[in-house]
Every structure is written in structure tokens, then in C-alpha cells.
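Each in C-alpha cells, the structures are laid out below.
Look for chain A in each of the two complexes below; its partner is chain B in the first and chain C in the second.
And then the complex of A and B:
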């Protein structure tokens, strides 16, 4: 019978272990450890983690094995955000892979599912952090839905309302503002 | 992606914009490419409003990446030349697709500026831009070498000169719609087809001056044609004499265009069975045939067609008044993929023909739409024959005076999802001396 220390060194996957040993362990999915900025470690199902193309690439190209004791460091993502990203990926784990970005396809923002809408009822700071994390981890579905959410916060608002929503300073002089208004008013309903 | 078309306000450049003074989280936290990604979900109106928010957002909103596809259809009332010129300068080489559908006051001058500024344009819709003349297509021929798809339908001032300009300057043209450009003649089609060899979609409804020779040129040079629409290519001034397209045109099509998938010859009333024979021989891949009002077609022609065109899916045979149940028999035997069949006003069709269809290879799963309105010989028996068509979605029975409500109810029991379009006049009271069964007709007169 193989000793536990020997299996660790050789990084044998649980499915490859001799039968007598495998029966001693509870049957479980391959897991992977992710470490946030602060050092907190999250252990999640590899299949869920693979929604992140960044992590998926690491697993494939760099030979990072599941069941590795070493966590994958994600210094750009804090624990609170990482927890939310994991929650999103867990809910969406059975989604079909998102289609390739088609430049010619009309981009909609009215197709956010109700779970996502609820999930994204957060303050702006958290929303922007989620966008950054989704971008860094390359999770297209999450990136799209968070960007659409912000786009929906812009649609239908006047320039002043947009400024108020995002606390943006109006740095045009009155003359500049008038010129910019003239250049862009053609699409407004008369 | 940065704005490369030199469109710069005098009062700001990117280097002058100071983001660090901005308190807003969105500008501090998100890098430019993520802001642009958010903007990529915005419509034209929202983008123009964002351009007024601040200097930084002005630069972002006007970034070329946001302006690759512009559709001004919603604003057509107000779109005038200066607007198009403004957009052209804004989008520059990024603009790939522009729709000016229905923008009736757009002139050649605006489109010339557009062509000069937006040389990467691929898709352009100028349907109903009634003011434009050949000058526009000349501009496109000079500058728009990447043009792939153009719609200049209902632009009545366009002449052969436009087609020559396109033939010379737009070799990548794949899709062209010149419907209702009634000044076009055979010479224009010749010039076009010699230059645009990759054309795969040609829509030319109502080209009343085009005759067989013009279609012949098109067929001979554009052998990759997949979709050909020649509806109503007949003179509207003299119906008796100048129905311009004859069997000769279809003979040429059959000779050269073996990749044809869709053909519309509706209202080309001079065509005879010889055309169907040509299509049968030369275009075995046809999926859709629209032949409404081709009143010379008979069962013989459809036999020849059906034998060879086994991939037929949709057929519009409205007012092909000579066809009988025999045609339906041929279709049932040879065309297993038929999903939509229009037989409106085909007055010789009887229940027997519907029995053929109902037991044909297409019946159980393929047939979705069946139009039998104004087929006066159809009775309830036809509906019985269709009960096995599990995917039948819609059936038209207007003016099928022998169909009863009971039969329709029975059909609905078997096919719960079906939409049945029929009209039954409200009951009128029987005459005082009553005898015999009441019959209802559309004019509410007791027969």
C-alpha cells in the first residue's frame, strides 16, 4: 500500500490511485485552491474554476495539477470579490460556453437573467471590482453581464443625470459644453 | 482602440484630459478598454449623450470602435446631409455598416463625403433615399472598394451609370438590391456582372426595362449566384405586350447558376414550363421557388422541376391556375423537405392532391405551412388527410366554402398547436320556407 507522503510527491490523481487506497477516500470531484490578495484560500471544483480562461490556461499549459496542495495566487482579486466570483461561476457552471464575440451581432442589454440581476444589486465599487476581476480572470459571461449592467445605468439618462450617477465632474467650459451639445444633438428627438 | 481619424476638438486632446482630478469611481477604477467595452453596449443616442458628460467621456464616446455599425433608421425623419457628414468624419475608417433606410432627404453630396471618409464600408443601405443619383454610386466606386452589400432599391434616379461604377470599383460586391430602379436596362446589368463576379445575391424586383439579354449577362458572369429575385420584371405600362422576362432568361440561369438556392419569378407572367425544365436541369440545389402568378405553368413543368430539385423547401405557387393534383403528387414523391407550400387560387386542386401531400415524405415532420385559400374544391376530407402532419403550424382556408367548422375542430384536436385561418360568416336566419341545409359564404347570403 502506498504511503500518503509518496502519493503527494508523485502528484498522482485520486483516480489513478491503487484501488485499496482509493476506497479509503470519499469520492470527490477534483478540486483546486485559489488564493486571494489577502492570502485567504478558497477550494473549489476544478470544473467551476475552468470558466476562468486564465485559470483554465494555467491548468493546461503550465501543468498545474488539480489536487495540488499549492494554491493558485490571484493577487489582483480580494477575498470578498473572489467569493462573489466563485458564487457566480458556481451558479453558471452548467451554462453552455459563451459564443465568440461577433462584431456584426447587435449587442443587447435587456437579456440579463433575474438571478444575475439580483446578484449584481451591489454598490458601484463592488460592481467595478467585479468587472476588473472578470477581466483579469477572463470570464466572458461575467464580464458581459457586469458591463451590460453599467450600460443600463447609462441608457436613458441625460448627460447631467449620467454625471450624477457616477459622480463625474463636468470639466467643460460653458462655451465648450455648448459646442459639444451642438455636435451631438442630432440624435435627440425634437 | 484609439480614434485614428484625426477628429480632434480644438479644446481637448487625450493628453490634456486629466483623469486624476476626477472623483468618480468609474473613471478611477476602470481602465480605458473596459470603459470602451461598456460603451460597446450603448446605442447611438446614449453614446452622443456620453460625449457630453465630460472631456474624458467625450474622447471615449467618440472612439472609432463604437461607431463600426450605425443604423439611422430611427432618425430618418431628421437625418439630413450634415448629420451624415458628421457621422462620416466621426467614424472614419471604422465604419463598416451604415443604414440610411428611408432617409429621404439625403443627397449625393453627403454621400460623397461619406464615401471619402469611410473607405472601409462593407454594408450600405440606401433604400428609399430618393434624392440620390448616379453620383453616389460613382463616389462608392471611387472610394468604397471593400463594399460587400449595397441596397439602392427604390432610388428612381439611378441609371446604368451606377451599375457601371459599381462594376468598375467594387469587385467584392456580394449582395445587391436594385429593386424598382426602373431606369436600369440590360447594359447596366452587363457592366455590373462583368465586374462583380462574386455576386451571390441579386434582388431586382420590378426592373421593367430588363429583358432576357440582361439576365443572360448576369447568369453568365455571376455563376456563384445563390439568390435571384426577379419579381415583376415586366413592364407596368402595357401588361399585354411587354412582359419582359421569357424562358430564354431562365434557360441561361439554368445553364450557369448551379449553386442557386433561392429564386423568385413571381409575376413574370410570360414564363412557361420550359423555364421550370431549365431550372430542373441546371439548378438542383434550389430550396425556395416563388412563382406566384406564373399562370402558364402546368403539371408537366413541375414534374420536370420536382424530379431533379429534391431539396425544395418552400414554394409559392399562388395563382398558378393550371396546376392540378398531379403536381402535388410529384412534389410528394420527389421533395421530402417541403416545409411551406402556397397553393392559393389554384382552383383545380382537390382533396386527392392534398391526400398525396399528406402521405408524402415531407408530411410527418417537415410541413409547417400550407395555404389553400381560394381553392374552392377542397372539402373536409383534405383536413383528414393532414392529421398526420405533426409540425403543421399554420393552414389558410379562406374562401374554401366546403370546409366546415366541425372538421376544423377535429383537426385542432389532433394538432393542438396549429393556427387555422378561416372565415365563417355569422349565421343568418333561415328563410321562412325552410328546406335543405344552410350554407354560409363570405357575403352572408344564404345559398
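And then the complex of A and C:
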């Protein structure tokens, strides 16, 4: 693990932490320090952090101990996103582990809980950053719900409406576009 | 700002997983990159598996996307079991995935009297796709080789095992009928050609049919008429059939004397028939229904049903003859209904049974039952008294008290019906 210079470190004061952590130092929950791309350090309950399979593996493989002074560096995640990821994991800390992807089950998108729906009312950039962070940190529940949200943004829209929603440039020539349309005609058939 | 196109392909795939077909095609049309992501074959492999339980592309010369759009969408719903709407004879069809094709197989009872043998299967139609992406739907027929001239009077001639196989185009269509529900229609488009080659009176084909149905049946002479009638009807059907979906009873039941499933049963002159055994919801009755039938009791009719609330435990002496059996008081019952009690089993004196080789000496369950009998063409049908007997998980029997006969039923092995 890299040792960062003292000036870069900035511990979060307990009053700035998400509510459930405004707790007395006397209650010693095992904690872990996570460090964002910019160097900001977040201290959170190990059990909450373990929702990330990436972090869980690091803890097991590298034998990081609780209350280790060295934070776990997450150079792929910026502070704003990391803060949001931690908030999601905190809310969902008592969730049962998500089931393995059942290849045979049809996938629904109408089962997003209302807290998650509110939580994900963010701009597209943030939404995609959350997806990337959930993917990097391997947090299945968050990855599923963010992907479902994007899928819901696509459902019911025509190609032009989808382009507008996501600011996609149409790079087909008219001939190419016609060909793709022909190749997909069968999707319209009952 | 991070935008949708900067997401790595595996994440885009995850999002695509949630989209129905129409949206997938809309996404295709937005830009080249997204088109390429949608066209990736693993997306379609997943859909083939998820929606049609399709597993192996071995033998198919196309990719998953083509398979999905050209073969599975029109024909994937055919996979499974169907019961035939064909006079009194019924029939069973299994449609399954095979190497490089979807195959329809006619499932037939074993040849007469060999009820312990496996079901016979005959290829009926094949759905495949050429590498130039044309779908072919053909029916399969085989004709035995014609014997050379001059051997006609020879009684010992043996028919060829392997004949010439021919494929003819055929129509396959699933219709949604208001009253009957889903119906699978099958029609060989040039049936006349087939009939000409087979001919009603075409010697080799007809004789082959008879010998297949009777095989080494010791009673062959006696039952020839029944088989002849069936053969004529079959060949006369002009290769046009209708099928209804068939759900095989597969639910595992607790506290029943024998698990539900398909069985093969002996029906004297009519040969062996395929039946389905199941229970009602409150487990008071066991019902055995015909999937193949005969001119007396047609397919889809109940062949027999047992009253699980009136079980019996009998001694060997009580089963000596019809008198001792019918002397059992009506209300002779056991402490607990449904529980199995090992007890002796004997065929009473003067009862006819097709074949002695199968009769066990013990059974695990016995109860009062009624069996369906009727005149020709299901005239004046009625129920005749009997006893339903369970020998073990793979066989049960019916003692027909009024007919003084015994039938035995063997379970169809799961493996015979597997994909």
C-alpha cells in the first residue's frame, strides 16, 4: 500500500459522516478507511464496506486489519461518487445478499424500491459514474439497480428519442440506417 | 462528462439484458457503436437460453441471432409434448432440440404384449436452417425397399429394416383456437405422393406396419383385426394431423401410493397404450387417462380411477377366485387411508391376463376402483368394478372384477422422454 503524505490526508469529522455514524467513539465498531481518487478519506464500518466484493477480497487477501491507519486507495472513484456509493451501501446494509444471476429468469425493471428511485434521481453523468463505480467495486445490488434505471430510460422510446435522451450522434448514412432497419424488421413482428 | 457510449461493453450488455426486442431494435438504430453491441452474438445466446431453453448450437450452421430470429421465434414454442387429435387413437408427439435441428417424433407404445419394453419413437418432421438462412420444414417418411420380382409368393421374406428415407416439405403451424386453445397443425403438402408410394394395399408397407405392431405377440392371430383396422386408419389419415399441448404430470406428491407419470398398459386386443396417472388435489382419487386410445375407449378418456379413501388389505386366500373376492364386505377398510401395506397378490382363478411373466406376488397398496368399458365407438360407456393395485414405483395393475381380467401397467422411464 502506498503511503500518502500527511498533508493530503484529511480525516472526515464524525459530524460530517452519514447520520448513522454520528456515534460515540466509545462504541468500537470495526472500521475501515477508504480513499478516493483525490485523496479524501472516508471511514466506514467494515461490514458496510464488505458489500463491495472488491474491498471484501482485498481485506481477505491482503490481511488488512481493522483500525489500520492505512486507507484502502480507490483511484478509480472520485469523492462525490464514493460518498454516494457509501450512502447506498449504508442504507442497504441489512439487505440479504443478492441472488446469483439466474440465466433463465426474465429480467424485470419495475421492482426498484422507492428509496433507490429517489437516490438515483441524478444527472446522467453521475448515473453512469455510479455504474462504473459499482462495477469496479463489484457491488451487485447497486449495479443492478443503476442498469435497470438506464434500461427504463430506454424503454418505450424510438431511436430518435433515445438519441436525444443520451445525446448520441447518429453516425449512420441513410443507406446504412435503412439496412439496419431491414435487419431488424422481424423484431416488430408478433 | 461520462456518457452512455463510454460504458464498457459488458456493462452495456447488462443494460441490454433488461430490454425487450422492440427496444433492442431501437437501440440498434441509434448509432454504429450501439448497433455493434446489440449484434454481439452472446446477447442472443442468452435470449435463446432464457426464452426458449435452447442450449447447444452444435450442428446449426448459423449464429445465435439468426437462430433466434428465424427459427426460435416461429418454432421454438413447439418444443414439448403434444397429444394428437386423431379419431379414437390419439397419439403422442415429442418435439425437441436435436443436433442442428428441431425434431418432431411420434412416440408409440411398444410392440404388442411387450409392455416392459421402452416406447418406440419415429421421426416425423424436422425444422432446420441452411447456411444461406432459409428455414426448411420437412416431414420424414421411410419406405422399405421393394423386393425383386419373382419373390412374391415367398412366405419367409423379411422386410428391410432400413428403408429409403424421404423428406417432403410440410406445413407446421400453431393456431390459437377460441375454444380449443393452442393447436398444432401439421400437413404434408403433397400427401398424394406419399399415399402413392405407400398405397393402402401396398404390400411391403402394410405388412411392415403389421409386423411392427405385433412383433412376437403370441396372440397375434387373434388380434390381427384390431391392428389391421388401426393400420388402415393411420395410412388413410393423409398425413394431416392436429395436436394439442400436453402437460406431463410431473409434480412430486407426498403421501401417495405411486408417483404420477406416464405409463404403458396392456389392453388385450388393442395392444399396448400410453396413459397418464395423476391425482386430484385433495388426494382422494387416482386417475389414469388415455393418451393413445382404441375404438372402444378413445384417447383422452379416463381409463380407470381408484378411490384412495377405500383401501384394502387382503390375504392370499381372499384372492383365490372371483367369489372370495366379491365376498369382501363393501365397507372393509383400513385404519389409515393412503398408507401402503405390503400384502400378497394373486390373480384369481379363471381370470385372463395377457402375459404371465409380469405378475408379482406382492403389492404395496390396493383400493377399490372403477374402469371404463364401452362398446365399439364408445357406445354405451359405463364403469366396471375393480381393484387398483400398486406393486412398486414402476408398476401398477387393475383387477377387473366384472370382466374377470387383469391389466398391468409399466412406468415410462424418465430417460425415454428426456431431451
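In this text, the second predicted complex is superposed on the first by the 163 of 190 C-alpha atoms of A that agree within 3 Å, B and C clash if a C-alpha of one lies under 4 Å from a C-alpha of the other, contacts with A are read in each partner's own complex, and residues count from 1 in each chain.
Operating definition for what follows: a contact is a pair of C-beta atoms (placed from the backbone, for glycine too) under 8 Å apart; a residue touches a chain by one contact, two chains touch by 3 or more.
Here the structure is a predicted model, which means the values were calculated and not measured.
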### Task
Please tell me, clash or fit, for chain B and chain C sharing chain A in the overlay.
clash
### Message
Just to be sure I read the superposition right, which of the two partners does A:187 touch: chain B = first, chain C = second, or both, or neither?
### Response
both
### Task
Have a look at where A:124 lands relative to chain B and chain C in the superposition and call it first, second, both or neither.
both
### Location of chain C clashes with chain B - one stretch out of 189-197, 207-215, 279-287 or 315-323
279-287
### Task
Report, in rising order, the residues of chain A that make contact with chain B in one complex and with chain C in the other.
103-104, 107-109, 124-125, 128-129, 131-132, 135, 143, 147-148, 150-151, 154-159, 162-163, 166-172, 176-177, 180-181, 183-184, 186-188
### Task
Sort out for me which residues of chain A touch chain C in the complex.
103-109, 124-125, 128-129, 131-132, 135, 143, 147-148, 150-151, 154-159, 162-163, 166-172, 176-177, 180-181, 183-184, 186-189
### chain C residues touching chain A - in the complex, by the definition given at the top
1-8, 11, 14-15, 17-32, 34-35, 46, 49-51, 53, 69-70, 73
### Query
Mind pulling up the chain B residues that touch chain A in the complex?
9, 11-12, 21-27, 29-30, 34, 37-46, 48-55, 57-58, 68-69, 75, 78-79, 82-83, 86, 96-97
#### Entry: Residues of chain A touching chain B in the complex
103-104, 107-109, 124-125, 128-129, 131-132, 135, 143, 147-148, 150-151, 154-159, 162-163, 166-173, 176-177, 179-181, 183-188, 190
